[in-house]
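Here the chain labels run A, B and C in written order, and each chain numbers its own residues starting at 1.
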Amino acid sequence: MNLEEIKSQIEANVPGCSLEIIPNASPSGQHSLLVDPEHALTVGSFLRDGASPRFDYCSNVTGVDWPLKETTAKQKTKKIVDGVEKEVEEAVKTSTGDYLEVVYHLFSLEDRQGPLVLRMRTGDRAERVHLPSLTPVWRSAEFQEREVYDLFGIVFDGHPDLRRLLMWEEFTDHPMRKDYVDPDDYEYEPTAHDEVLKRTQAHYAAQETPSGAEEAR
Amino acid sequence: MLGNGIIKGLAETARNFFGSYVDKERLTTVQFPEERLPQIEGTRDFPFLVYDGDDWEKGLRCVSCHICEKECPPKCIFIEKSKDKKPDAVGKLQFYPVRFDIDVSVCMSCQICVEVCPFDAIKMDVEFELSSDDRFGGLLHHKDKLAKSNEYYHKIHPTEAAAVDAALAEDREKEKEKQKQAAAAAAAAAAAKAAAAANPPPAAETNTDASSKEETK
Amino acid sequence: MSVLTEVSIDTISQPANDHLHGDLLEISMGPHHPSTHGVFRMNIVLDGERVVKLKPVFGYLHRNHEKIAEHETYLGSMPYTDRLDYICSITNNWAYALAVEKLAGIPVPERAEYLRVITGELTRLQNHAGLIGFLLQDMGASGTPLMYAFREREKILDLFEALTGARMMCNYMRFGGCRRDLPSGWMEHAQKVVDGFPRFLDEFERLLRTNEILMARTQGVGIVTREQAINAGISGPMARASGVNYDLRKVDKYGIYDRFSFRVPLGEHGDVYDRYMMRLLEMRESLDILKQAMRDLPSGPIMDPNTKIRNFRPKAGEAYGRIESPKGELGFYLISDGGPNPYRYRVRPPSLINLTLLEQMCLGHNVSDVVIILGSVDIVLGEVDR
């Protein structure tokens, strides 16, 4: 199975869709295909029914949170300064992330091939978090998309029954996001250290019970 | 014939019922508190600290390096390192744990602390009747409760303990060899120094003596 | 709160004797119900005894395993995987180890691969033995088959205890191998258990396979067709009962499964009876694999010498590794950013996804059938809720 081949197959059959191959540096070599949300449903149906091999089995659906990450790297560029070409070191700010991603792992049952990794990205992490649901194509995505909605806050348009799966319905936040803050549900931590210790101390500071603070060390 | 399958099944239960009077294979119940199965050698449940010799406070192998504390997945270990050094079982000066607590209610018996310990100081116990009416303190084991002798270790895991002892003896032999060589080198250097200086200052003499004594100890 | 949304009597096919028709009844089955195998809840709308709507409610055992793993080192997550599907901890370990080995490109020595197959197949045996015991218990065969099944399962758990130290929370695999080599006498003991197992299977088949009551209860109940099973991502014995020829041991040939000859049993009806038979037949194939693996077990190292236990940091990238666990396709999806803990750690839980068709399987059947349909899916709530 060649990802390039599948990409050109999709491009030939789904007009107007934009695809991008996301390389994967790890030894697993599972590169993935970034699909634009507008055409995702058509791409999905094509992969299930028309492509060769047919990817009729959607195994895994999951979300990934990529918060905004700014990195500054020093880059050497050639510039003309006072008419003379010089190599100048410049700090280049690059920002990556600031989107939520949903990942589908597809397999072909007939030809026993896979995984084909599809990805979709939201516009940002706060407002534009809508993506099309692929449950109409692969029913196996039903619970898993609900889980992604629950834990990451991606809203799947076209999902037949989009409710929280694991958390209760009154719950408001999305626990799998990287910036999620745990509630202060401290009870008793005799062996606390690192993060837990900090939280324990914060809890005691908030509660102002000096008798227990000794216990928290 | 209808009912054939039911009769066949009933014959099977009858075989098991009457078989339980004659066949040990078919009567597997053990009346627990009165009757106990023999201990399986590889069993593990909670960690304990090994000490050499007779005095648990002197003989603890733990040098409070904090590795197990960091690697413990549920973070159930709390160690406080000593400010001073004390000689260990073989007389080498080492740090020791002022506090070593394991919260047994948090520990999940995964054995990772044992795997990462470079000093063979923490091992897995087989003691499982640890219930207590104190929900918090009763399940927080301090180092006096955790310390168990090497003989006990040999009793519960004979094969493993023998291998550990052999490895430790080899290490100590090597260490001794190294120290001897170092001491010999130091003595030779001191002798050369003394020979070089026509009138060696008495303070230097005592100094080298003391240090070499300590090293050979 | 009510899940009874827009269900009205109009949407349900009216029975012929209209004047006897009563109101719909909404009941909550679980979370504490002996038939749900844990804390699983179904909100069922009933028309008399007939199920007209069924909504599963999850999350009573949710602890956000994936978030915990993002704060743990790679090795630190290994004992937590034991607690996913707590009946078969070894296959969970294996799936996780396989995913990390894919992520970091770690080779596994041959002996370790054999040990993985042996322990993994023993896990399948004890899972299936336990499952059919529970399933028959759910059908009303109180106690007897379950006790017979547990008697055999206990022998395998003893083997696990002697090898890994624990009966259920084995924590046995490591990245690039296994944690402990076989203790002396283990192989002989295991050989005895494996040789004695067919007798149990024969007895078990005589006990209930042709039982008329069992056949009446299970045949034609909870049918999943082949197409439905594939589309809903059903995997493992449940998919094979519907005739989907997809066994990852044959498809992916992970580890060394291409060296063993075994067959993949397939059902054709996709009903509860087929799913029950699938487990019985798979146990026989597992015994075949075990015999071959124990015969061919080579000597050698059990750990890849270049893999460190501490300070393990795979290069940035991602990997999806999956194995055929006794419940179905168990996958781990890992993203590394080069740090000591995974950036993203995802478990593909077979138990959860096999429940996708639960409502459809139960519609039109009685409440007592819901119990056996759920039992035949084989779920463990530690894995469903994670």
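Throughout what follows, contacts are C-beta pairs under 8 Å (C-beta built on N, C-alpha and C of every residue); 3 or more make two chains touch, one makes a residue touch a chain.
No experiment lies behind these values; they were computed from the predicted model shown.
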item	value
Which of B-C and A-B has more C-beta contact pairs	B-C
Chain whose average C-alpha position is farthest from subunit A's own	B
Gap in Å, rounded to a whole number, between the CA centres of subunit C and subunit A	27
Intercentroid distance (Cα basis), subunit B paired with subunit A, Å	43
Inter-centroid spacing, subunit C versus subunit B (mean Cα positions, whole Å)	36
Contact set on subunit B toward subunit C in their complex	2-6, 8-9, 11-13, 15-16, 25, 28, 40-44, 67, 71, 73, 108-112, 115-116, 124, 159
Subunit C - residues contacting subunit B, complex	72-73, 75-80, 82-83, 144, 148, 151, 154, 158, 161-166, 169, 171, 179-180, 183-184, 196, 203, 206-215, 309-310
Complex contacts: residues of subunit A adjacent to subunit C	24-28, 30, 56-60, 62, 64-65, 103, 105, 109, 112, 115, 117, 138-144, 151, 164-169, 175-176, 180, 195
List of subunit A residues in touch with subunit B within their complex	188, 190-194, 196
Interfacial residue positions of subunit C with respect to subunit A in the complex	1, 58-59, 62, 64, 66-67, 71, 102-105, 228, 230-235, 244, 246, 251, 314-322, 329, 331, 333, 335-336, 344, 346, 348, 352-353, 355-357, 385-386
